[in-house]
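Labels A, B and C are assigned to the chains in the order they are written; within every chain, residues are numbered from 1.
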Amino acid sequence: MHPGVLAPKGRNPAAAGQSEPLAIRLLLVTVVLCFLAVFLVVPLVSVFSQALAKGWEAYLASLYEPDTRIAIRLTLLTAAISVPLNLLFGIAAAWAIAKFDFPGKSLLVTLIDLPFSVSPVISGLIYVLLFGLQGWLGPWLSAHGIKIIFAVPGIVLATIFVTFPFVARELIPLMEAQGKEEEEAALVLGASGFTTFRRVTLPNIKWGLLYGVILSNARAMGEFGAVSVVSGHIRGATNTIPLQVEILYNDYNYAAAFAVASLLAFLAVVTLVAKSFVEWRIRENSSCG
Amino acid sequence: MARDKRIIFLALTMLILGMLASTGAFAGAELLNVSYDPTRELYQEFNAAFATYWKKKTGESMAVKQSHGGSGKQARAVIDGLEADVVTLALAYDIDVIADRARLLPENWQQRLPHNSSPYTSTIVFLVRKGNPKHIRDWNDLVRPGVSVITPNPKTSGGARWNFLAAWGYALKQNGGSDARAREFVTRLYRNVPVLDSGARGATNTFVQRGLGDVLLAWENEAFLAVNELGRDKFDIVVPSTSILAEPPVSVVDRVVDKKGSRRVAEAYLKYLYSPQGQEIAAKNYYRPRDKKIAARYAKVFPKVHLFTVDQLFGGWRKAQQRFFNDGGIFDQIYSPSR
Amino acid sequence: MPLLGGNAMKHSRRQNVIPGFGLSLGYTIFYLSLIVLIPLSSVVVKSASFSWGTYWSTVTAPREMASYRLTFGVALLAATINCVFGVLTAWVLARYRLPGKRIVDALVDLPFALPTAVAGITLATVYSGNGWIGRWLEPHGIKVAYTPLGILVAMTFIGLPFVVRTVQPVLADLEGELEEAAACLGANRWQIFSRVVFPQILPAILTGFALAFARAVGEYGSIIFIAGNMPMVSEVTPLLIITKLEQYDYPGATAIATVMLSVSFFVLLAINLLQKRSRRFAS
């Protein structure tokens, strides 16, 4: 979420000559960098150093191992289903909440936030209570041969649950801040509702949208606790990447475990770099035009 | 507006299709063996051997899928609908619970196969740092001040329950042993425990990777595996004078095999565990075989220990679980603040 | 003028020309019920198999109380730490030119993307007595891994992105005029920050704080590896739920779950109401 993009008026107070004395600036930067180093950089470096402890060949071999490949495929499938669904929901929810006033709005926003703060232990448990053999729907599902938990649908559901609020959470403040004058103008000029959304709203929110998608995606791929409860841990079938990491680690296969883990860390870094690049391109374009 | 509706409709269809499409994607003519953590290596080898045997005997090809995890967690997954054809868990109580709670198999399941349905056994031994710097020889060395003991949490780990009962049984069998003495002994032992990991493998990792603790209470097979995989030059195995006979049981899950029509192969699979080939594989993976001939051949690997069983000392797993590990049981009392 | 503006706003709201209210709200509520409300209600229903007395004694047992104190206390502390350093980080990222700023910016999201189990294993590796950081702390008598301090580290780690990510865009969006005006009127930097900037970013800080807190309270995967999990000392509430499940005590587990659920719900609700008020106040 780079300032240059979110603040289209392009005002940089540092450049405007108002800033702290150099000493304080240096101090602040040092403190921040130290904090991030201790909490982020050291753990990250540790992941990669352990992943490469046995060399590049072992690293690549452990990523090519059949069970790991299946885990990667399952994780991608899960993200591919859950992210678009939550994207659609996020847009609908933000539209309703930001553009309209109705009683109970705070309650609705809170309920949308709720999955975020529900312990992964609970978010897995609820689907077991619902779809488990001893649960509400379990006996019926079992009689009809439908598998939800301990199979892919359960993993997808749990993932949708844990990534539920992210897109909506990104969009609501953004759309609230932008108000609705532009949309109203378009509508008065005769555009249809959908055209207004596509031509007016969407360009305004696309960066928030992208950021929400990136967050959802990262979380969808990295979720461990909830998925662990509903997965059943069947090797080569219902293990996602994070579960595969745990399995490898518990098999005393430390280098391979961290190699697979580094894949997720790497994925996160790549998406974030890509995002920065896109933002930079947009700013270049706007400054030329 | 019409287009809006179409999009919503599309989204719903996607949601439903996504669920249905992925349903049963992995349903095949294979067995699912739901097991506990330390048996990974054992069943990896055994499954391959059985598939070959089965192909030769019947001409059918088959494959076994594995699921591993904490024994109690695995039992709960089966209760909640994980369709295991066979369960091979750490303790009989976990299979008892499947019978009691979900009625997926008959209550007398343990009488269906020889040796209490445990084709192989194990015991609890000590893993210490190379050269045994703290001179740990037997259970009573574990309660000395300054000795740090690593064992997982018995409330979440099956292996840890064997550890707990082994320590209790040792104290009970000493001269003048009584429940009160045993309780005092075990309380002192847990005073020396700095970390309670949630599972047996987690505890091993704490001991091996983090370098925490002087001694790890472990399954015999886990101790051998740790020494072999993680360095002969780093650890020694110490076998105590007395320990518990751990009997990890196996069973077919009747409701599942009848539904899937896999009873024949599932029963053959478990029987094969008792065959000389199966026993050999168990022994190679450091499980004590039941077969006398195979046991004799591996006598050098497995030192003689005085072993007692849960049935002898504690009247079976249901009672032991109730008395020691349920909420408010003796393990909780050890940690309750009033003491 | 503000008064008039307010009236005009209200008027326009009454006859909103923007379409799709029924559709978007309907879909929102439908999807919310399907994915969140119905599944969560199963927890409440299950715990309702207890009588009120049993429920109360289950959720207030000494071990549970100790775990609440630990979980909520440490989460509060972690969220506070994240507020201080989060605002600092957001400030540096939004205001200063820094070589490699993009990398730092990207790094902030790492705790979010790293699976919690990996985070836990890694933090335990780094902060245990033989780890990269732990070996420098242990000689000074500071033990991080396998103590409540380890829980603090894990909770700080996973909550780190939230304050930064909520404060950073607001900080970047702030109008420079106000600060310029304050500077012209002779305010020093600290006064400008505390009187002009801080009130404007306060709602964002509060949101970030609540998110970091709520996330930390529910965290399980990473804490389990670094906490030590000693009863009464370093046992977090989610672990107690697992322990109850392990004994097939579903009503007990769901009873504790309802406590956690209501705490998260009320924290989030309070923050949302507070934000709404501060926004009204600001306009």
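As a working rule, a residue touches a chain if its C-beta (ideal position, glycine included) is under 8 Å from a C-beta of that chain, and two chains touch if they have at least 3 such contacts.
These numbers come from a predicted model, not from an experiment.
Ranking A-C and A-B by contacting C-beta pairs places A-C first.
Most remote from chain A, judged by the distance between CA-atom centroids, is B.
Note on chain placement: the centre of chain A and the centre of chain B lie 36 Å apart, centres being C-alpha means.
Put simply, the C-alpha centre of chain A and that of chain C have 16 angstrom between them. Contact with two or more other chains is made by residues 1, 4, 79, 101, 202, 209 of chain B. In chain C, the positions touching at least two other chains are 19-20, 23, 27, 125, 242, 245. Looking at chain A, one finds that residues 135, 157, 193, 249 touch two or more other chains. Taken in their complex, chain C has these residues touching chain B: 19-20, 23, 27, 62-63, 124-125, 128-131, 145-146, 224-225, 228-232, 239, 242-249, 252.
Chain B contributes residues 1, 3-4, 7, 11, 14-15, 18-19, 22-27, 32, 37, 40, 65-69, 77, 79-83, 101-102, 199, 201-202, 204-205, 208-209, 225-226, 229-230 to its touches with chain A in the complex. Against chain C, in their complex, chain A makes its touches with residues 1-4, 6-7, 11-14, 16, 18-21, 24-25, 28-29, 31-33, 35-36, 38-44, 46-47, 50, 89, 92-93, 95-97, 99-102, 106-122, 125-127, 129-130, 135-136, 157, 160-161, 164, 180, 183-184, 187-188, 193, 197, 215, 218-219, 221-225, 228, 241-242, 245-246, 249, 257-258, 261, 264-265, 267-269, 272-273, 276.
Residues of chain A that touch chain B in their complex: 77, 81, 84-85, 88, 128, 131-135, 138, 142, 145-153, 156-157, 193-194, 232-238, 247, 249-252, 254.
Contact residues of chain B toward chain C in the complex are 1, 4-5, 8, 70, 72-73, 76, 79, 97, 101, 153, 155-156, 194-198, 202, 209-212, 325-327, 332, 335-337.
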